[in-house]
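Common to both upcoming complexes is chain A, partnered first by chain B, then by chain C.
Our next item is the complex of A and B:
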């Protein structure tokens, strides 16, 4: 029912880890990859990510769409980066090796290329864990794991409600949209002007939001009748106990973050500088 | 609707779900290529007026993080946090504007819009770019231009969509003191 997050049900060692473990690993790993600009370490993280993929039995065909989308997004952002700040690499690394001059104030430097390579590697270093997390964690377990890592169960429950109702609200959106199309409202954006496009969108969005207000009241009443929020703690149907594998994975990811910190100490900054 | 803690929790959940749906499926293409009008911030401002700063911040944070997750390529934390901040600041309009009483006239419209403009400026011209520089070490001029574009676009959509939503909702509520006792 809930496949916006591409959960793929296929038994594997990664699937059998608890949601809380995977969430902790995701946070630690992305922080490690986000902080460092050390090319060697980013390369290591990418290899590790690919290994994790192989273990999880997620196939390339499962994630091709996501990958293509990411590539397109990365290209766009790389071009923008160059247009806005062609000398950012020079600023960071402190040297300037020009490869070739380009028209205007632009010049292609080795430093800029190296900086942009690092930015792309950073995407690739953190992407595998995010894809793994969403494709191996059941959405209902996700909320339980939030509570497990120390977030108040009331907030975890909000997340759980969001995940539960995203498909319903999407369905309702489509229904309202179809009903309005049956009444003759044009939805094809190529055929109409911006103003009427906005007006038509309003004809769908307003009923959708107003009916969601009623939904809030209904759900809240049902929860209040069951005395939700009376006790300081609650249990979760989908929660599972930690096993040895869970502890090992969390320890491993904590080490990854540790390496990032050590590398910052060794390199003297977040960057690894091959130019000096 | 009475505002109990449970109602707030549910509102955060449903609000985040709607934020997600609006940002993922309700794409209104703008005249600028490859950019969509993000209607979700108009909706967020409306929810912020109804449920206050904490609920709005959580709604935006959860909704934005979930939609980033569902795109699959990673969560852009700096902008997710900025969304949360925008929701939080917008929520301060809740003290001045009381939609539940069915009142949304000239004074309320001005208050609502002043607050939403401040919220967007803080979020997209301060929080998002600064976090981008701190976390991702992006060049300053790039992130400020991105922030400015997003901020201006969001202010305009919020001004239109948010105001209209508040107006429509207030009209659907019975106004305070609108009933008279018959003799």
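Our next item is the complex of A and C:
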């Protein structure tokens, strides 16, 4: 991964929204999806997410890497969830329909399966907006967007600068590691034990930290010499004004969160319970 | 006394950093007026950067310390202002053009100061475009820093301070990271801005000859925290101050001195184009050329690295090397030159095995390199990174040198015995138990070279061994390398430094867009207009001196200079 932002420049209605809108929508949407456990509503959000994807002209091939990574992570967390709390579904839904017994204290229940299905649906419901945000927002708009939704511009800028220098630092790490390999400092995990590999990696990280400190000092000076932090506010070269589309999208996402709240009222809890 | 045209005044000024026991600046008296251009030179650690920081306010606002005496900017004490307020008078362009590039596009970076001033977007965009036009990057306004060359990034930084219409411009080593041709155009741009804005320009630079390309009003020399000389260039070049303060004088001046020409300020010595030489002086130069004996020819030696039609394409699809064939002989000292991005570093990485060539073959000591791992190749060819700090991981010097040997399975006793021998060879034995942090840059460089030489490789490759170094460190590093070379180790250096080519290399290989366009003696390359232009080199001032003196064989003249210079320095 070269950059946190995997911006794909392919004009679409989603691209034309301002970064601040997309960030607001991201927050509202994920809140809506993460709070509810209503299967029907999660299904609706997934369909809506896929529609948004189609509109954005992002292709499946563009995001395959990210998607596979998320799937892998999801599988892992599903297994961990089952290992650590195999009866969580039973606690939530109040019934216990055993499908089959497993070794030890474990048993596979319909409730647990349904609960874990909902968890996976939540990932699928929120993932599209996250991917959409990172692939349709210009990196330079990111700090401006954070600032616009009320985060101090000093913090917003620090975050965006940190993200931006990650690729530089990875590149430097690789170079140092190659030069050390040439000196006989082995970094290949197949050839040496984890312990000595960690020791060798630490030896690279020391000079890397030193050079990053120098870099930070230079950036800080360069910013201060151009009056960063002098005033409580600043304007943004890359900021764009809100248009009708921006307001509509934000309103729509606010409604999505509203629906979550209403569903909690109707269901009496965050969960939709088909077992009673 | 101060008046409207007096931009900067230091009066009996001294400064001591809180973290240090000795003052860094001692009793400085200096005046710079509007429209004046001064070059501030001095060896590393002489205090010139601190002096610049006193003008832009980083001292005392970011770096705390004790000040006595006064610094005034247009009559006002800097200590009573703030960095932000000072930045409206003083525009600073830092040496490191990568890290001072804050915005994510050219337009955004130029506008950074305006954003902080809450300028509205339309005005901002118009002013940014205007400033971009002034430095010649208007066509690149939407580009990201990765898409720009080093010279273009520097121009963006300059535009970023021009939007403030500052009356004082401060350049910290503007030539350090540029190839010679780009450096030349940077000096032209700085001169244009000085004239148009009537700005006071202060350039910190120890590459005097290049910095003087468009002339200067004064050269100010510093050493050990004091100003040791403050003279117009013509007078400075005729004085002995440069040699005393270890600043390299322009090559043509050295050549004229070797030829026995007496230099006087009224001869306009500060520019090789304008220098006035009488018939007698020219005759002296011609006689000198005839008197220097040609060096003995070295016998032909065996090839240790051989590249045949090597090509390399990065995973991104960018072709970095195409059809490179090169033979490197045992005991050679050669340089690899060319623009940034011409493929120099890639070629070095392909030879060392950090990258695998996509086509062609590489033979190392007669063996096919494709069958050798990075580690195996390293037994034959050592690689020294540009920044010694990236290669130093251990706290003690002796441990650092022994580290690689131990990692290769040698016993601790044997490794420390071998590394002690190496430290003796490298003149570092007395420092063996010192912490690495206590060493100077030149000494650190020697430690990194020692930690490679300890495997006894036939060849070492150095990436920019002297970049950003003053004459003292340059000489220390290069004389050390010459010594290593005389023990039979082949040395390949990637460099932008034409002095290095002329003074130490017997052969130079010029790369352009991944191809070798010349492979010859440095004197022939640096007098070949076509290659100079293509590879963004700069023609040596010796070439112009030769023409001025009516010598047709400019390559031969440069060769004469090299021979005589090596002889004379060898006897020092």
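The definition used in the following text is that the second predicted complex is superposed on the first by the 272 of 276 C-alpha atoms of A that agree within 3 Å, B and C clash if a C-alpha of one lies under 4 Å from a C-alpha of the other, contacts with A are read in each partner's own complex, and residues count from 1 in each chain.
Heads up, the rule we're going with is that a residue touches a chain if its C-beta (ideal position, glycine included) is under 8 Å from a C-beta of that chain, and two chains touch if they have at least 3 such contacts.
Predicted model only: the values in this text are computed from it and were never measured.
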- Considering only the touch criterion stated at the top, classify A:204 as touching first (chain B), second (chain C), both, or neither. both
- Message: After the superposition on A, what does A:228 contact: first (chain B), second (chain C), both or neither?
- Response: both
- First (chain B), second (chain C), both or neither: which does A:163 touch? first
- Query: In the superposed arrangement, which partner chain does A:219 touch: chain B (first), chain C (second), both, or neither?
  - Reply: both
- Message: Let me test your reading of the model: by the given contact rule, A:239 touches which partner, first (chain B), second (chain C), both or neither?
- Response: second
- Which partner does A:176 contact after superposing on A: first (chain B), second (chain C), both, neither? second
- Check whether A:273 is in contact with chain B, with chain C, with both or with neither, and answer first, second, both or neither. neither
- Dominant toucher of chain A (residue count), chain B or chain C: B
- Message: Just to be sure I read the superposition right, which of the two partners does A:184 touch: chain B = first, chain C = second, or both, or neither?
- Response: second
- Task: Determine, under the contact definition given at the top, whether A:130 touches first (chain B), second (chain C), both, or neither.
- Result: first
- Task: Report, in rising order, the residues of chain A that make contact with chain B in one complex and with chain C in the other.
- Result: 161, 164, 204, 206, 208, 210, 215, 219-220, 223-224, 228-229
- Query: In their complex, what parts of chain A are in touch with chain C?
  - Reply: 138-140, 161, 164, 168, 172, 175-176, 178-186, 203-204, 206-208, 210-211, 215, 218-231, 233-239
- Residues of chain A defined as touching chain B within the complex: 4-6, 30, 34-35, 37, 63, 66, 69-70, 73, 76, 80-81, 84-85, 88, 92, 119, 122-123, 126-127, 130-131, 133-134, 154-155, 157-166, 169-170, 173, 189, 194, 197-198, 201-202, 204-206, 208-210, 212-213, 215-217, 219-220, 223-224, 228-229, 270
- Where on chain C is chain A touching in the complex? 56-58, 62, 82-84, 87, 92, 94, 96, 98-100, 102-105, 107-108, 111-121, 124-125, 128, 160-161, 349, 352-354, 374-375, 377-378, 382-383, 385, 387, 389-394, 403-405, 407-408, 451-452, 455
- Interface residues, chain B side, partner chain A - complex: 1, 4-7, 9-14, 16-18, 20-22, 24-26, 28-31, 34, 37, 39, 43, 46, 58, 62-63, 66, 69-75, 77, 135-139, 141-142, 145, 160-161, 164-165, 168-169, 172
